[in-house]
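Chain nomenclature is as follows: A, B, C and D, assigned in order of appearance, with residue numbering initiated at 1 for each chain independently.
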Amino acid sequence: MGNTKIKKTQNTVRILIDCEDAKGLIYKVSKIFFERDLNIDSNQEFVEKDCGRFFMRTVVSGDFSGDELEQSLLAVIPATAHLQVIIAKKRKIVLLVTKESHALGDILIRHAAGEFDADIQAVIGNHKNLQQLVERFDIPFHHVSAQNLTRQKHEKKVMKVINEYQFDYIVLAKYMRILTADFVDSYPQQIINIHHSFLPAFIGANPYKQAFDRGVKIIGATAHFVTSDLDEGPIIAQNIIPVNHRFDWRDMQKAGRDVEKSVLSRALALVLNDRVFIHGNKTIVF
Amino acid sequence: MGNTKIKKTQNTVRILIDCEDAKGLIYKVSKIFFERDLNIDSNQEFVEKDCGRFFMRTVVSGDFSGDELEQSLLAVIPATAHLQVIIAKKRKIVLLVTKESHALGDILIRHAAGEFDADIQAVIGNHKNLQQLVERFDIPFHHVSAQNLTRQKHEKKVMKVINEYQFDYIVLAKYMRILTADFVDSYPQQIINIHHSFLPAFIGANPYKQAFDRGVKIIGATAHFVTSDLDEGPIIAQNIIPVNHRFDWRDMQKAGRDVEKSVLSRALALVLNDRVFIHGNKTIVF
Amino acid sequence: MGNTKIKKTQNTVRILIDCEDAKGLIYKVSKIFFERDLNIDSNQEFVEKDCGRFFMRTVVSGDFSGDELEQSLLAVIPATAHLQVIIAKKRKIVLLVTKESHALGDILIRHAAGEFDADIQAVIGNHKNLQQLVERFDIPFHHVSAQNLTRQKHEKKVMKVINEYQFDYIVLAKYMRILTADFVDSYPQQIINIHHSFLPAFIGANPYKQAFDRGVKIIGATAHFVTSDLDEGPIIAQNIIPVNHRFDWRDMQKAGRDVEKSVLSRALALVLNDRVFIHGNKTIVF
Amino acid sequence: MGNTKIKKTQNTVRILIDCEDAKGLIYKVSKIFFERDLNIDSNQEFVEKDCGRFFMRTVVSGDFSGDELEQSLLAVIPATAHLQVIIAKKRKIVLLVTKESHALGDILIRHAAGEFDADIQAVIGNHKNLQQLVERFDIPFHHVSAQNLTRQKHEKKVMKVINEYQFDYIVLAKYMRILTADFVDSYPQQIINIHHSFLPAFIGANPYKQAFDRGVKIIGATAHFVTSDLDEGPIIAQNIIPVNHRFDWRDMQKAGRDVEKSVLSRALALVLNDRVFIHGNKTIVF
């Protein structure tokens, strides 16, 4: 009995519920927390009226068994609900990069400071030039060149390297190659990308050149989950900075890097904290 | 019986709870909604950990008696709780102004478009020059000159005019006179001011001149409830715009007006929608 | 002689030069100012490197004849240069509107405060509901219904009304009809529009609905000159505000209005101050 | 002669002029450029009307002798003018840090990518915990503990270490100790600090705690030159992010770090590009 108590003591879990809306959901769920004498450390919920869909994220702490809690919750929410009872822990991530260091570097510095709830397993680059930076942080770097390879063959080699690691998320930290549907479908809801424009503006290649040609007065960046539709996946975070006629496209690119890295890191932190629900091609972010 | 039904049908109320935190509050409150088969149109809650204080704002609709609902809620929340069950309706406001028209004008245009849940009862100015603008909108304007009057005597005259009207809030739309503690204490939590700086920077007279002298690169505006501590009341909303060395203080003032008016109107909309809790010298804004 | 002196005294003009770049332009132009003992109140220039194009805006004051100054400048700049020597004065504008009052209202309030260097000649609406607002400000309102008319026939009627006025610019203050190339070509570089999205995202109808469907986290507005390419004209100003999953498309629309009106008014002020050069489908804004 | 030509060929210099305003300055300066057939790569000037002070930054390229150009310029500008003719090159910097890695890390990553025109000579920390990070980048780290030392004695030790290096600027990358006037006066206009608030709000210790206590809705950061007046030196750059009631002071601190690092890096880039004039306690930033 003492053992049981120790086992149960001071759990903290994140509870994520994603289901069709129904009357009494908050009541039924909070009843379970109340009956177990749990502390609600934070709680947010949202009903998407268009689809009649209910989203709830609650952090509870106290003496309880996670399994028993999960079973109790499953008994009161719709059978088709998506329920997660998550013990906060470091997630495992791998990163794909190309040549630019800003997004990768921002993640490495935060990682080294223990700011992210994540362990970086490895970085894979289709060029070699970020190897030194990655290895400075004692993280494995794998160079998988795409030279003279079809997209499919290159991805096969990348996947072989990735799959040697355990990971929760793949982060594209300015990985400048388009992924095939095959690759994307292998890691559903696991790939996070930073797109160097304020989507849906300037989809596709060289958005800064497009932005310059269009004469915009603001540029931006978009972090999103990757789906098989290029640049059309659920948006997690966006931000912008003003530009003016004095910016040529390389100035825009340079200025844009600061936005890119901060947006990607913010999105990644949200995902790692289980704050992001995917809902069709949108997100609910608590 | 038919009558009762008609009386109860299709109520929508905003429920605001502000009390010391305790376990089970969400459960107990949502139980009441569930038992009455109410729709929860929106719900947000927050616990201020420092003080252990619980804030909840819920909009519910359905067939119910507001009085009965209120009594039921009072039975489950702490005795010292502050509970409001509010039927959404147009609030009555009076405005105090001086010479500048931008904040007043923004409110008048929104009011004319039916955008605010408010009826403007009257505008009182210590100068005459906004009379024409106000009267274009068929709203009473009262000129109460401060010339040759002590602050106390002038305020007495202003209060006399104000008190002829019924009102929920007094909005200081760039009213450039300092109010006495007597005046402020007469209308607790009812006076909303726009301060032309990013508080707490540049408290006091001519903030734009102060900002210019300090060489700041950003200026701002702050909407807040007025308390007897000058510029120290609970902040409702703030916003900023970048400036640079090309701005002299009059340019800053001009640029600042756009921020002032948008911040004041945003704060006013929040207050009129019962989205703002006052908590010491802070606000909780849902 | 005395007359000549009076005629010349204390002129202030804005000089705008737009020409192919060449060495010595600043030297040759500033020499002319120096030789005439003029004060340079402000000066900005820019070379667009891609096209090798030079833009200069200088405000000079002093004793001089505008005609003589213009001739002297023409003698030193390339023959193909576009030179304007402009005496600051109120421009005449007409506005086209539909049903929404926010952009129009913001312009009316600024106009009434003398903030714009402009006289509003008239407002033309394809609906009647803004008539009262316009007439509150003693400005002519013309209702030109589009009902049962082809686009061409309706525009012909609008043009007939517009052409009864003298005007420098036509401002589309949320005019919700697409203009034909014929209409646009009749007023080249004279039509300013506010588009309710962050162009080039969400071109076309109901951008807020599009933004909602795409799940963006930021919405924006774009003021631009109108060309015959729909929503593709030179951008003058843009701004954005953050949104989140709690915003349905009507909430986005409502929030967007504040951005729309401030962006349009800012763009209009820039144009009225002769601060905007059109360069292909871009602008140089000093 | 060939030698002379090679020596002169393809110089590019930044010319900075800071002097009392006078008629004809632009003319006289641009005449010198024209007579030497120089290209003006960029040019900005500004007259601070209050003080009648003229600031000009021009980048010119071509075949010329820097010394001769400097002498020619000195001959046409006021005797009291401050003139700099600068050949763009990497500046040397040293950094002072305490415990937090975000500002330092951002500079290290940019430095490693060659983004800054700077060579980091050394990092000095009053704590040891950033040693590993710095050494990952093969940069010397010096630990100078302040334990059991008076402020004066500690600074003396820091200065001894610093003075072993050649440097143009000292960057306080979240150095959490107050500097004495003696220290500051030893490096006039050379010390750049990041203050973790939107100055002049929340001067002094723990600005985030102050911001939390005040209930602000926006927090910010300020990069400035350090003078002997604490937090009163000329501001180079500022930025902000919105916060709300859900942020306790540690959340504000965490969110603030992203603003701090981006503002410091931006300010540093501006200074390294000779874009910042100091003018009393303000800056002109081109």
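The rule we apply is simple: contacts are C-beta pairs under 8 Å (C-beta built on N, C-alpha and C of every residue); 3 or more make two chains touch, one makes a residue touch a chain.
This is a predicted model, so every value here is computed, not measured.
**Student:** Greatest Cα-centroid separation from chain B: which chain?
**Tutor:** In terms of C-alpha centroids, the chain at the greatest distance from chain B is D.
**Student:** Which option, C-D, A-D or B-D, should count as the same interface as B-C once over half of the contact pairs match?
**Tutor:** Checked against B-C: the matching pair is A-D.
**Student:** Consider the two chain pairs A-C and A-B; indicate the one with the greater count of contacting C-beta pairs.
**Tutor:** Taking the two pairs in turn, the one with more contacts turns out to be A-C.
**Student:** Chain A to chain C: how many Å between their CA centres?
**Tutor:** Each chain's C-alpha centroid was found; their separation is 42 Å.
**Student:** Please work out the Cα centroid separation of chain A and chain B, and write it as a whole number of Å.
**Tutor:** Whole-Å distance between the two chain centres: 38.
**Student:** Please list all residues of chain A that touch 2 or more other chains.
**Tutor:** In chain A, no residue touches two or more other chains.
**Student:** Under the touch definition given earlier, write down the residues of chain A that touch chain D in their complex.
**Tutor:** 100-102, 105-106, 108-110, 112-113, 133, 136-137, 254, 258, 262, 265-266
**Student:** In the complex of these two chains, what residues of chain D are touching chain B?
**Tutor:** Against chain B, chain D makes touches at 46, 48-50, 198-202, 214-218, 220, 234-240, 244-246, 248, 279-285.
**Student:** Along chain C, where are the residues that touch chain D in the complex?
**Tutor:** 23-24, 26-28, 30-31, 33-34, 37, 39-40, 42-45, 47, 242
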